[in-house]
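Okay, so chain A shows up in both of these, paired with chain B first and chain C after.
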Partner chain A sequence: MGSFGRFLLKRSLQGVVVILGVISVLFALRYVTPGSPVDFIAPLDASDATRRRIAESLGLNQPFYVQYGDYVVSLLQGEMGYSYRSRTAVAPRVFAKLPATLELAVAATVVAVILSIPLGVISATRRHTGPDYAATVFSFLGISTPNFWLGVMLVILFAVQFGVFPTSGRPVGLLDALGHLVVIAGPERGWALPLNVGPFLAAMQNWLLHVTLPAITLGTYFTALITRLTRSGMLDELGQGYVQAARAKGLPTTLVRYRHALRNTLIPVITVVGLQLGTLIGGAVITEAVFDWPGLGSLIIDAINNRDWPLIQGSLVVIGAGFVVVNVVVDALYVRLNPRVLE
Partner chain B sequence: MIRRLLDAVAGRLSPRTVQNLRSEFDTSPLTKIGVGILVVVLVTAVFAPLLAPWNPEAQNLDRSQQPPLGFTSAENQTTQETVDGEVQLIEETVQVNATVTHPLGTDGLGRDMLSRVVYGARTSLAVGVLGTLLAMLVGVPVGLVAGYYKGRVDDALMRVADVSLAFPSLVLAIALVGLFGQAAVEVPDPLVTTGLAAAIRGIVSLPGGLTYPTGMPETFTLPGTVILVVGIVNWVWFARVARGEALGVRDEEYVKAARSLGGSDQFIIRRHILPNSITPVLVLATIQIAAIVLLESALSFLGFSGTTLSWGFDIAQGRQYQTTSWWIAAMPGLAIVLTVIGINLVGDWLRDALDPGIEGEGGGV
Partner chain C sequence: MSRDVDRREFLTLAGTAAGAATLAGCSGGNETATETNDGSTATDTEASEELPEPETREEHLQRTNRLVHDDAPWIFLNRQYSVYGKSADIEWEARRDERIDGYAIEPTGSKSSVTITQSKMDTGLDPHDHRETTTDNIVTQAYEGLLERDREGKVINQLATGYERLEAGQVRFELRSGVSFHSGDSLTKEDVAFSINRIVDPEAGDLESSQSDQLAGVTGAEPADGDSAVIVSSDGINPVVFALFATYCDIVNKSWIESNDTAYINSNMEGTGPFMLDTYEQDVQVVFESYDDYYMDAAPADQLTIQSASEPSTRVNQLLNDETDIIVNVPPQNISQIQNADNASISAVPSTRIIYNAMIYNREPFDSVEFRQAMNHAVDLESIVSNVLGSFGDQTGQPTLEGFTGYNPDLDPYPYDTDEAERLVEESGYAGAEIELHTPSGRYLKDLEISQAVVSYIDELENVSASVKQRDFGTLVDELVGDLEASPSFYLIGWGNAAFDASQTIIPLLTTGGALTSYNNDRVDELMDQAQSMGGES
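Up next is the complex of A and B:
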């Protein structure tokens, strides 16, 4: 195994340990939470016998290590128990909400990357000019602004006053929109592809209109952060010897800036952005609340207001595990881009 | 503990550090702005009962949704009128003008926005400072022990930290507050209970013969659960920084000397490791206050804070009036932005002057 393989294996094992920790902490949290689950399920006038039966059906009469074992085993089988409120299985509900949150997170990241990297480069290459100061002020404001407030202000300005965007909601999902392009092919309808371009464009337009304000709301902090990082990274790199050497060789300035300097700048940017993914998910939760975006965040807040513990637990397991996995991927990417750290 | 911490801080401030802080302050206009903002916010928070023009909870439905100075708002009014013996409903649009008595306007229940913004500073700073202190008290010892002992202890503690980091802080915070309830502590406000506020307000006369309303809230609601939770959620950052410092210091000659002279681990950590790790911890604390102010506002916005006098809570209120009265959400938000900018500028100052080698920004809610 190469050194990269070894690194990946070690890092993945660490990730598994952390995920196990996440699961254990969530399991333990129920024990320190006031109130027994039976109280949430049993009717108020339930007899002691009924309450005991409910406790038994939940496995609460077992010693805690048996409960813990059952919990871990059922999680491995993709089961997360049943909601106290609606009595429906938790796992399908959590996974049904996942696409909306991922859409929002990806849209925000796209907004952030498209805006911030050029902004940071311009800021660094035209230091102490108008654009540089503008970018610096923008990024300082972006970092200091609570995103939910920005969201409310964007709604007041662009949805209420100008009526450009809808105030809230997500009537069409991105996958539904893309579905217009791909579902049609199949033996029963013939293999010809009558692309539903019309409905696809209509659905895409609808999705884009609804996602724009939430994506800006969630993406502004990251735009600001990456702009700052790109700017300071570029300034460091542009002062390096290899950049001067490349210029002295007669390479065009643009090439030196983008092929040499920017590439090296992006390595630390990727790490920091990876570390901030938790902030992205946390931000998504509150952005969803502002825009009634039907994702994991809205699910968690509803679940907490209803004290629906299995639903809270299930959502948190998915978020925690997803975060750990993404961090392993980011670390691997970082090592791939920058093999020196292995030595 | 706190006394020792302060001594450690003062003892650590070498003349060169003081010199750095001073020259950085003198040369950077942004630092002056930041310190200025922070002083204003601090004074506002402490002397809220003197500075708020009205009781922030006093409702007045006749004056609801008044615009801030410089703006007018249109309001649809329906009045009943009897014409030729028949009752008719007349709908008309009335211009509502701003008044000097409510410079930032009023909210949906006619409460004075300026007074609410002034009192909101208390909640934000109380949670920001107390939450950061708690996170520090938990995180710094854990980090120092992990870094000092290395090996198994370190591995175990850092895995705990990893688990803690696997949850986005806001998500963890709302889960904890949701589960443990929203206990709040009513703290008597000494400025009001001693009658000092009323006395001073009685002396001051306002231009235009306006009376200066007295009767401020006698207690201040401290959102206890929120402080606990933000402390629990953010301890891990302090643990990481303290660990890094301890790792760097543990093999220094003077630590070895202390060990060979028979100094106990506890003594060495307290006497040598802690004082030499304190600078980056302080810079981190500044950044954390900003992060926790943002976290608190987010929790209040979602209705999880247990107090109704908070900038985040008012933004949530303003959302219900977003089609008619933009200022209800706008004003408290501006207060948050200004406060966080102030703290971040001060953080930049400390970082530049003390150069502790940590990156980061208070933000991200």
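Up next is the complex of A and C:
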């Protein structure tokens, strides 16, 4: 196994330990958080006997270690227990929400990356000019604008006033849209590019219309952050000796900027993008609420408000695992871009 | 079994177990025998005004309301309104009981489908395994009960065609014929008896129903011999039994329930209602189709979709953008926006929920009746209703809402009078008191804002200072349902009473041993005990 393989294995094992820690901490939290799930299931005027029977039916009368053991065993079996409130299995419910959250997080990241890196580069290469000032103002606004306000404003402007976008919802998922291609261009029909792409395009258009405003809302802060990061990184790199040397050797300015300086600038940017993607997976709660986007954020908020611990734990374990996976991937990319990390 | 024991068991099953002291108080039976714990006599008013002894159940409830008004264990705040936004493409009016009946929605023009946006989705589709209005609004499109209520709250027949009392502990429901479940199975009396038993008896349906306390005093049901009817048994006379059946106990298909597991029952539906389940996306939406074989005319809408948006502004935008037809809980600040729109309007109705500030009767300074009355005089309720609630609320002066059985029309809200409030505070001996109001935020309409207004009015008194403490609702409830000694002395909470009967507010909130009680008054206990042993129907 090469050094890169050993690095990946080490990181992955560390990730497993982190996930086990997340599971244990989450389980312990239920015992230090005030408010019993029974209070949210039973009516306010329920008798003590009813409360006791509900607690027993949920297994809450079992000792801590029995409940913890049962939970870990169920996780190892690929299950996450049953919701206290709806009595339905947690795992399918969480995984049904995961695509919506991932779509929104990735779409916000795409919006941010597409806008922020060119803005950052322009800002750095045209320092103290109009475009630089404009990018700086945009960055400050983006960082300081609360996304619940921005979301509501975008809806009022582009949905209610102009009718360009729908106000909320996610009638079609990205995978559902892509599924049209799979059905048409499956093995039985051959793998040639299908001619009839109408349903696919219609579904994609529907998805894009619904995801655009939430992605902009969620991605604005992120865009501003990466713009600032790219600008300062680019300025640092442009002042380095190797850039001066490349210019002295007569390399074109464009080549020096985009092949050499930008590439080195992107190393910390990728790290931040990766970390932010993990944050977006778990942190899109407000945006999901404003746009009624059916992701994990709204599920977790409801679960917390109802003290539905199996659902809270299931959702957060998945988010924690997602965070770990993203970090491992980012570390791997980082190594690829800068092999000196392994030394 | 003695009559007294019957009463004791009834109150226990109602989740409001009256203690031994309460029942002992019953035997007293005269005005001079009872004295409140704070030393003031709750019967002073009765004696001084020479009120006659109440005779009927209604009179007992009204007298109780008078005692509670005078003794002021609460700051009586407001009756909450249910405020909906509705599209110009439908004809529909809001109901008093907060439910949205899809059968009553009529699409206009070429429209055939209707969409409702709630604040939350269901917590599962089992009609016996929930207690929230948001879930009710979904399951009651497909499931029906024996009785129901009309828009004004009057009890009417649904799957029953008639009902009667047989004796003190038994009532009989005659069943409608020609009713079928969505699977095509015919409704039988065995289904009805099973449905009732599934709620009240954990052994009968393998379910610990959170609705068991809502069928207060009901002990079971069995099919009647020969006829299409069921006999329901209760502990004691159970005067509210028909009111309870008009609110709870949806009828399920016995064989369907017995042949499916909990998860399946919570994600599928098999009722007799006007709509049958088409698709169920948990936490996202529920789509119903009109049930062609419904025993009455088919629903005006061919398709009914129920979805949710937790943010009020999102719901409002959906309505204004023609993406939905009905939205719930329109906040006061958005009402004019909807009223001014061409494609939408407001439908508002007084709800069954009262908002109040409880003051624990045996804690300083609230152990003084003068201090409690002073707090009621200190608050400008009219201004709160007008400015905080946008006039979508009613002032209250007693625990029972207007239109409910037992409402006392002679009682007005306490007048706003700061001079009187300050005088009463001095008289109480608690001048200089500092009090803290515990309040949830976001649980009830403008709850935090109401609390802030209440506290600012009290703080304006020269001899009392007040502050507000925001609380997580779950944590607050945890304290309120536990040991009374551990609960806050002064808190805001709301109480919905879907039975439209004073007893279902007073027993749990204001009698000794009530599940959420903040008050102890032997005379109130006695009157309620007597009222619950009388047959007057609500």
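The rule is short, and it goes like this: the second predicted complex is superposed on the first by the 293 of 343 C-alpha atoms of A that agree within 3 Å, B and C clash if a C-alpha of one lies under 4 Å from a C-alpha of the other, contacts with A are read in each partner's own complex, and residues count from 1 in each chain.
Quick note on the criterion: contacts are C-beta pairs under 8 Å (C-beta built on N, C-alpha and C of every residue); 3 or more make two chains touch, one makes a residue touch a chain.
Note that the structure is predicted; figures quoted are calculated from it, not measured.
When the two complexes are overlaid on their common chain A, residue A:D39 makes contact with chain C while staying clear of chain B.
In the superposed pair of complexes, A:A289 makes contact with chain B and with chain C alike.
When both complexes are overlaid on chain A, the residue A:I54 reaches chain C alone and has no touch with chain B. Look at A:Q77: by the touch rule set out above, it reaches neither chain B nor chain C. In the superposition on chain A, contact is made by A:G169 with chain C only, not with chain B. Contact with neither chain B nor chain C is seen for A:T254 once the two complexes are overlaid on the shared chain.
In the superposed model, A:A89 lies in contact with chain C only, and not with chain B.
Once the two complexes are overlaid on the shared chain, A:V152 sits against chain B and chain C alike. In the superposition on chain A, A:N305 makes contact with both chain B and chain C. Residues 34, 152, 155-156, 160, 167, 289-290, 301, 305, 307 of chain A lie in contact with chain B in one complex and with chain C in the other. Residues of chain C that touch chain A in their complex: 12-17, 120, 122-124, 126, 129, 131, 202, 208, 210-214, 262-263, 266-267, 281-284, 307-311, 313-314, 317-318, 320-321, 323, 472-475, 477-478, 480-481, 495, 508, 514-516. Residues 14, 17-19, 21-22, 25, 29, 33-34, 140-141, 143-149, 152-153, 155-156, 160, 167, 221, 225, 228, 272, 276, 278-283, 285-286, 289-290, 297, 300-301, 304-305, 307, 309, 312, 316, 319-321, 323-324 of chain A are the ones that touch chain B when the two sit in their complex. Interface of chain A with chain C (complex): residues 34-36, 39-47, 50-51, 53-54, 56-57, 82-83, 85-89, 93, 96-97, 152, 155-156, 159-160, 163, 166-169, 289-292, 294, 298-299, 301-302, 305-307.
Partner chain A is touched in their complex by these residues of chain B: 159-160, 162-163, 165-171, 174-175, 178-181, 290, 294, 297-298, 301-302, 304, 312, 315, 318-319, 322-323, 326, 329-330, 332-333, 336-337, 340-341, 344, 359, 361, 363-365.
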